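Shared between the two complexes below is chain A, which has chain B as its partner in the first and chain C in the second.
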Partner chain A sequence: MASVTYKQISKRFADGTTALADFNLQVNDGELMVLVGPSGCGKSTALRLLAGLESVSNGELLINDAVINDLTPQQRNIAMVFQNYALYPHMSVRRNLAFPLRMLKLPPEEIARRIAWAAELLQLTELLERMPKQLSGGQRQRVAMGRAIVREPRVFLMDEPLSNLDAKLRVRIRTEISALQRHLKITTLYVTHDQVEAMTLGQRVAVMNSGRLQQVAVPQLLYERPANIFVAGFIGSPGMNVFASRLQKQASALAFEFAGQWLEVPRNQRFNPEMLAPYVDQPVYVGLRPEAFEPTGSSEAQVELTLTAVEALGHEQLLYFDLSQVSAPNMIVRLQGSSAFTIGDKIPLALHTTELYLFDKMGKAIYTRAEKEKR
Partner chain B sequence: MSWRRLVSMGLSYAALLLLAFLFVSPILLMLTGSMKADARVLVEAGSFRAFLPLDVDLQNYRDVFARVDFGRYLFNSLYITGMVVLAGLVVNSLAGYAFARLAWRGRRVLFGLVLAILILPLEAIAVPLFYQVTLFGWRDTYLVQIVPFIANAFSIYLFYTFFLGLPRELEEAARLDGAGVLRTFIAIIVPNSKPVFATVAILSFLSQWGVFLWPLMVTSGEAVRPLPLAIATFYTLPPLQWGDIFAFGVMMVLPILLVFLFFQRWFIRGVVATGIKG
Partner chain C sequence: MLFALPALAGLLMFVAIPFLLAIGLAFTNLRLGSPLPLEFVGLTQFLRLFADDAFARALLNNLLFTLVVVPVQTLLALALALLLNQPLKGRALFRTLFFMPVVFPLALVSVVWILIYAPGPNGMLNSFLQLITLGEWQPRDFLHDPWLALPAIMLTSIWQGAGFQMVILLAGLQSIPEELYEAARIDGAGRWQRFWYITLPQLRNTLVFVMLVTTILAFRLFEQVQIMTRGGPRHATTTIMYEAVQAAFSRQQVARGAAITVIFFLLVLLVTLLQRRIAREERL
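Moving on, here comes the complex of A and B:
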């Protein structure tokens, strides 16, 4: 049982690149924390630092309040599942599982007992005498998991463990990992670039970009209250549409500019005129999720936009609109079901402005104080 | 099959056969010559009969054993070469691994030096080396023929490039599983590096088996001298008997053939890729 703390961690590599900058993260005992971000955002580096495979440039790494910066990987008692599984090719499944236990110099009966336990848990019993090259991708993945759990490590690290599997198997093993983690209650850090995997698997999710932590929250809150434009665009598939805009004071209320129109800023728990006062006549960004639009009769329409592409997914379809007169190149609208649209047509759209998001010119989300505290 | 294709195929086969014969002929000549009476070797040398084992006679082999203590020389050669190969595998693989994977100060500079040694022939350092071993009192020993040749720049380089190609995750997994550097090397790296160990074993056996200059410089009696020096006595001391020389040659080549046959399945097999990715 262990909690993990990254305290102002930074990592610079010898070639001068900064992989992590001022990174702070607290992972609670028994929690499954997902680190998610685009490739090169530093999420794998964060994992490798904790494993001891890379050295920390600055800051402190703690397990249960004890600094582990100077411990070797062997001393940390952390297990890791690699993206390519890294099974020892010359050893049978049984010997792969036994390797970490032999390193611990456990008695043979104990080794046999633990292998039997892990094999049972992961349905590997039939495969124990096989060699890695005789296993399918999903089986190798399970062996890699088994090798990590037999040791009963303090912390469990997974570096994109599903990315070499096909889509169907990925979904199945995702649920298996989730169930296994809840069963074993081992503190787990899970790295992925796939936001769907992050949202479905993580008890909390840490979104990262360019070596910096953007936001840590439970999945639903990431979606509902993104901290900045990056998180808004990264979470959700497709992500939020974000446009450069301005705020203006009009007779009855504040208005924002969208596709050449002035639309009213709603007055709700997220926004009120007092808090938005400093942003009036200033450049801001507005964000609207693909779900916040609806095709409608032209009388209720707030904007009319030219359709440039349609992607039909069966249960829903994605409509692409050209917004080249605004800063973003195109805008995506998601619709349930299927209806016929012709590319090139002007489609009248209604906006659910209650689902409006506003960001300041630095990209930080603007919320009322109450909303901020919720986060 | 068209005539045209048949002719072109026939021509290419003929050309290939001729080439193959060119490369095999010296060995064939040695083999047939070793089984002929001495007088006939020279008489038939000018004709095609040189390649035909016309009458099989093992007298030359008996002569070799009568003229020198072949067993003694063979043992010396096997012992010296064997030790150089075995110790070389240990030392050079460890060095190659240190250069390929471990982080330590001065690694680049030292590796540059190792590469520089690659182009340095033994002849260039033979004399200073000779003074050095004389100082150690090593002349006329096995030691003097083994120790200077254990560390080998080319072997280190071969190991280095092979280890660079191994997936790093294997080692990282072993480290996390609780293995130290040496344990990782022995339990994980070595078993997955059989091709490079076989390659280095064969190459260093070959180069060591034929050494002539160095043992000539540092040894005097037949007690520790290897085969190449023994065969040299057949050339340099009369009577010059080609049949005996050929018979000696055949017996000297046999061990190389055996070593190659033993290692070739690893030699030919490519890189390990199993266990990694799907």
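Moving on, here comes the complex of A and C:
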């Protein structure tokens, strides 16, 4: 039973790299929190600080309101699953599982009991006498999980534990991890760079970028109400299209500029256009998800754009259009099913402007209505 | 196959033939300059050897030397390697310093140590021991003392050999994945436990290899003896190799020398087989 708090943590390495800056995060007791972000954003560093493998440069780490900055890894009672599992190659599966228990100097009967329990839970019973070298990737992964759970740690850390597995196995083990975590109710921090994994696994998800926390929220909220351009572009597959734009007051309503057109800003659960007055005639960014576009007959079309590439995935298609975004060369549209398009053609597109997002010039999302109360 | 021919021919000419010749000679009475005709004498040379006190002493000395030098030198090298595997300042300098004795020729090392062991109160070691015992130490003639001569040679050999072992062990240490240590720390292992449960098992094959090489070198002990003590006093420091060279080159007893070489070969073979048995278990 433990909650974890990162209080204004920063981490500078000896070579001057700042891996974490002013990082605040609260993980509740029994919660599965996913840390997600692009490579090098400091996810592993956040875990390694909590495990005690690196020292904190500034700020406080707390477990259950007790500062643990100066405890050694041995004293923290935190378990970790490494990306490459880090099984002890010279020990059998049984001895790997027994290792943390022997370090705790538990009596042999207790060690045997816990190994039997973990092996049963993770279907390792048949494999106990094997050496790590004799196991498949998925089996090694389970042994690593087993070694972490046998000691009933206060906190469970996982650093991209599935990245060495093939896609199918990854989905299966993801579900198993989720079930196991709900069953054991151990506070868990799970690191991944895969936003799909983050969204499916996390009870809450913390999105990070270049050492800074961008947003912490339940998965649905990250998708519906990204806090800034980074989160909008990171969450979703593919992420949101974001364009530089302006707002203008027109006769009947407020309008935003998109691909040379002026389109109406909708009145919906995110916006009350009257309250957007401070942004009028200011540079802003507009965001539209790849699902917010639809090819139509030319009469209903709002824009016509040149198709530059098509990726067919079977159940859906990604269309790339010749319109540059803030941080990508093409606008991406996602379509269900498969229809034939010719690259180079001008395609008439309709926009679901109800799906519009606005960001201020600092990249922060603008919402003029409070989010609806969830649950 | 064709391309291996030159190598095979070389192996045959320079290794196999001399070796077979040695085995053949060991069963004869060949003695250079002797008027007796060359004869096949069976096991006579071997029987004579085992009845000879000097040879028995040589075997014993080699055994003692191995039993002391191999563990002490390996432990010393391991300790140095562990020390130099830490991220400390001037690490490269220390590595070079500790490795330096290895590149000195043994003959030179031996001469330097003769100076160190010089008898009388002016000898380096004697005056040093006097200094730290505040004059209590009675100067000894280390290399002519029946009890101290062999230990003196052991010390020289350890000083000379530890650097080489250290370098190999250091390479072994550095190939152990850092992640294993991190996992062990998180699993609650302290410093000593990490050494015992991670470092030692991971270093096992390197250690076995290093000990094998040192053992073989210990059996081959010759230069230090030749230069520092000439096997004396009264065979106190004689060794198998020293006896072989004495027999073959000082006394022209080629057949006897050959017989000693054959025994030497069998001993080394035995050690090698033993090492392979140990290393093969639990291979990673």
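Just so it is clear, the second predicted complex is superposed on the first by the 364 of 375 C-alpha atoms of A that agree within 3 Å, B and C clash if a C-alpha of one lies under 4 Å from a C-alpha of the other, contacts with A are read in each partner's own complex, and residues count from 1 in each chain.
Keep in mind that, in the parts below, a contact is a pair of C-beta atoms (placed from the backbone, for glycine too) under 8 Å apart; a residue touches a chain by one contact, two chains touch by 3 or more.
Since the structure is predicted, the reported quantities are computational estimates derived from the model, not experimental observations.
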Fit-or-clash call for chain B and chain C when the two complexes are aligned on chain A: clash
Larger contact residue set on chain A - chain B or chain C: B
First (chain B), second (chain C), both or neither touched by A:Thr306: neither
Touched partner set for A:Asn164, first chain B, second chain C, both or neither: first
Partner chain in contact with A:Arg147 - chain B first, chain C second, else both or neither: both
First, second, both or neither for A:Asn330, with chain B first and chain C second: neither
Which of chain B and chain C A:Ile78 touches, first, second, both or neither: both
Touched partner set for A:Gly137, first chain B, second chain C, both or neither: first
Intersection of chain A interface sets (partners chain B, chain C): 51-53, 72-74, 78-80, 82, 84, 86, 88-90, 99-100, 103-104, 133, 147, 151
Residues of chain A that touch chain B when the two form their complex: 51-53, 72-74, 78-80, 82-90, 99-100, 103-104, 131-133, 136-137, 140, 147, 151, 164-165
List of chain C residues in touch with chain A within their complex: 177, 179-180, 182-190, 193, 197-198, 201-202, 204, 282, 284
Residue ranges of chain B in contact with chain A within the complex: 167, 169-170, 172-180, 183, 187-188, 191-192, 272, 274-278
Contact set on chain A toward chain C in their complex: 51-53, 72-74, 78-80, 82, 84, 86, 88-91, 99-100, 103-104, 133, 147, 151
